[in-house]
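Alright, structures below, take your time with them.
Heads up, the next two complexes both have chain A, just with different partners, chain B and then chain C.
Our next item is the complex of A and B:
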């Protein structure tokens, strides 16, 4: 680093690259987003919840979250071979598992939520840039989530802990710690570590990444609200009536079911060299998914995982349970009392008779 | 017992909405004594009842819903129907018509064939089985003529309006037949193509501005200005 303690691109140690998030950029996807993080350019699109094929991989009690991370052939210096590499498949897998803990998959049993992330331009930290895009696209698609998850890497560059490593710093640096973290629920959903960290460095890097993610989630929140507030401001709020509130209220709000919080998995795997003794991490997934080709030799990872203040979580069952009064016997005549508005106004329309010979 | 976010405000997942003792509906996760949003939507408080109304999302089937579906496949005595949800609908021959269906003498394809558009009701659905449809009740069956518009299923209540005020206004001003189904498909049949275009334009504007109040006035203004 130079004398003013600046990094190659002129940032200070704890400064993020410029982040821009946009949602609803693709017409044909249910939800989509575009993320610029420095020189990274990532598009994410969400399809679903939709029918799951192959059917045998469906789960009876929850949806499958399938994230497909891909890099364009022109996204790197020189050329990337077009077939999915081992690295891409691995990142797809760990991201899918990370997001299963954040998305409320219980609402959509036997179905699939497909996310496609395409890296168009890469400059270090594409998996965390991808996670920002995934979070924004999932929220844009109207998929219920426990919290907005942000992702960023912290690392060691010239013996100093820095936030958000660029491609150049990643290459020359001696440590990299990508983290996916949800600030409101205070849970880590993906934690990877590559390189050598002393315990103090690790603690500093972890906290630095967390504070970076808090900034990132703010940007995602603003992008999600921006899309709707822009239209509202264009029209100007008229306070004439409250026809926004016309919709019927569910009557069965009393019964609620418990969504169990997946508790932590202990993943202590102390190795040689420096050991991280006691980091307090609230986790919801197996955090030990290691990554990158050279991690086998150098990575020393150990996190004594603790679960602190995980409270009982409840969601309303209004989404997927049937109020018992509404069930009609097969072949019975539909009763007239639960006809909705849409039906009552359709009486005047002719219907073709079923033809039968 | 404090409400942190104002009524009708746009919220995102993870937003703290209120704490205390409230009843709550869709779009909300309760953790401890705090209520958090789980969706991008509009926060609604009605008589101590909290709800986040989603602004976007796919259709999720419910018993009693009237849906417009496309026949995707025919079997000997049943049809597979695309109802635009996470599960395909199943229409059994016994639920298709009031008359007795005998697979030896009757051909299922003569009743509904692949590509047909039907209006059906969901008569049974739970998390373990795919939704069962029926067309044998009054005002259900094959749709002929007109065109289908697909829109966000969460905007259907806005398209219908209070006691059908919005939809009856559109029908009156465009002189057309419109049928709105819960799964976000809308069947439009007007006298000429120009009127159909006006209906499509009105519905697209409703979709775009669904979260802003005073919608009926803006739509009537639109339909009155683009006459001919």
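Our next item is the complex of A and C:
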């Protein structure tokens, strides 16, 4: 590397490649995104929450997040064989686990949230580029999440810590540290490392990746906001009618209804249970991924109504907060020794609905 | 599919049939009219040729990889090509990841026949050392958004990718292949496209959208070049009257002329080198 810290593609050591995120690019998916990170081209689509097949792998108390990472045959310089490689399977697994910790899976027991992510052109750092696409697509689908997660790799190139290695740097570099990190909740959800790092290099690389992710999350937020603004223009609401910034500001504690929701579910008592409707709306409000069919005003109104009436809604939606111990794992029916009769009838109805094919 | 969905589809089928009886369709098109076709080329740098084609909301992506391989023993002076198609789970909730399903294999094979039989790629020009080294073109198509009529979208995508394919020049030295830095375009010898007619009751329509495709009784695909009929495939569980086949073919040939015009307009560099 030269004195000016210029890398093969002209970047400085701590500079990201050009990142472009678009959401809502595919119409049949519940949520979708397209990500260009340098030369990487990634599409992601989200289906769900939906019925899970095979049923025996369903969880009584939470949804399964299944991420399917694939590379197109023409995405690499050499031809890639069409069937999934060991590498693709491993990345799918670690990504699925990473998002299990971020998505509020407790709201969707027994269901699946399927995310497909396909790399059509690759140039280093595809798993982290995939994570950017996944986060954007999940938010676009209105899936409630604890935070917007971003991903990027830091590594060692010519004995210096650099951010976002390109394919060329990855080949010649001596260390690679892909990281998925959620800035607001300060949690790492994916961590891999290969190569040779000294302790100081590791510390620097880790901090560099984290600071890169903070920039990336802002780009994802902007992409989600852009779709929201486009819908607002389409349905002709003037900018005075709502306060977009107030909704979008992530650090604003008053608006992070998401956090409240998490806490109330963690306690697992019926008094603090929250309806799914409220959860969905508040989250899409937080991420700005408003569904196009919702007129904005009504959505905002209903969000307020729902959150205010949380206590009253608990009875009809009580099954969402049933501690997992009370549910027979396979049968889909609540246990017989339940004391509360009215509740158990309600649960019967809900479960029979759920177990229908 | 649940019983409810089947009932809904049956009702919808009656509605679509009634519309067709008065020469109308759900989205206001005529029976032979296509949705808007959009073609982007040259988007994948790691492929030698690429395209994203959309017909209405249906969208597919295609990449061409050129590899060096050995020829088949029965055609020592010919290169080879294969077309693959994956109904990507990106594109629809019912598409699962895993080994390709029957319908995806059918689409791949229909598109393969269209490209192969039209002889749009001169396979002999892909031979580098007779009997030893040839070029293999691998044309892979992935669906991005499935809103019906993937077959025709795949045909156009494969053609658009091939029309913009740039192959690295090679030099043969002492039986060794040396790849040079310069690129030459792949020359196309013909202009194949496929058009699929969907049978709904007693009516035939082109370019079915998702709803129309779901309720259609049968379909028949014809691949044509400007001079010949090169491929055909009938699908679906209903039969097609023999006297209808000729009528469909005539309509297909008529419709394909305007589709060719549209493709030429969107790929200005497209040239057909007929001998």
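To be clear about the criterion, the second predicted complex is superposed on the first by the 230 of 357 C-alpha atoms of A that agree within 3 Å, B and C clash if a C-alpha of one lies under 4 Å from a C-alpha of the other, contacts with A are read in each partner's own complex, and residues count from 1 in each chain.
The rule we apply is simple: contacts are C-beta pairs under 8 Å (C-beta built on N, C-alpha and C of every residue); 3 or more make two chains touch, one makes a residue touch a chain.
Predicted, not measured: the structure shown is a model, and the values here were computed from it.
More residues of chain A are in touch with B than with the other of chain B and chain C.
With both structures placed on the common chain, the touch criterion links A:50 to chain B and to chain C. Looking at the shared chain after the overlay, A:13 reaches neither chain B nor chain C.
Of the two partner chains placed by superposition, only chain C is touched by A:114; chain B is not.
Legend: residue contacts after superposition of the two complexes on their common chain; A:122 is shown touching chain C, with no touch to chain B. In the superposition on chain A, A:196 makes contact with neither chain B nor chain C.
Of the two partner chains, chain B is the only one touched by A:145; chain C is not.
In the superposed model, A:224 lies in contact with chain B only, and not with chain C. Shared interface residues of chain A (contacting chain B in one complex, chain C in the other): 30, 50, 357. Touching chain A in their complex are the following residues of chain C: 2, 43-47, 50, 57, 59, 61, 63-65, 67, 84, 86, 88-93, 97, 99, 138, 140, 142, 144-147. Note for the complex: chain A touches chain B at residues 30-31, 48-51, 60-61, 63, 104, 107-111, 139-148, 182-185, 217, 220-221, 224-225, 228-229, 231-232, 235, 237-247, 249-250, 253-254, 256, 259, 311-316, 318-320, 322, 326-328, 330-331, 333-334, 338, 340-349, 351-357.
Interface of chain A with chain C (complex): residues 26-30, 32, 39, 41, 43-45, 47, 50, 68, 70, 72-77, 79, 82-84, 114, 116, 118, 120-123, 357.
Contacts from chain B toward chain A in the complex involve residues 8, 10, 12-16, 23-32, 36, 38-42, 44, 46, 49, 51, 53-58, 60, 62-64, 66, 86-88, 94-97, 99, 106, 110-111, 119, 121, 123-128, 132, 135, 137, 139-144, 154, 156-157, 160-164, 167-168, 177, 179-182, 208-209, 211-218.
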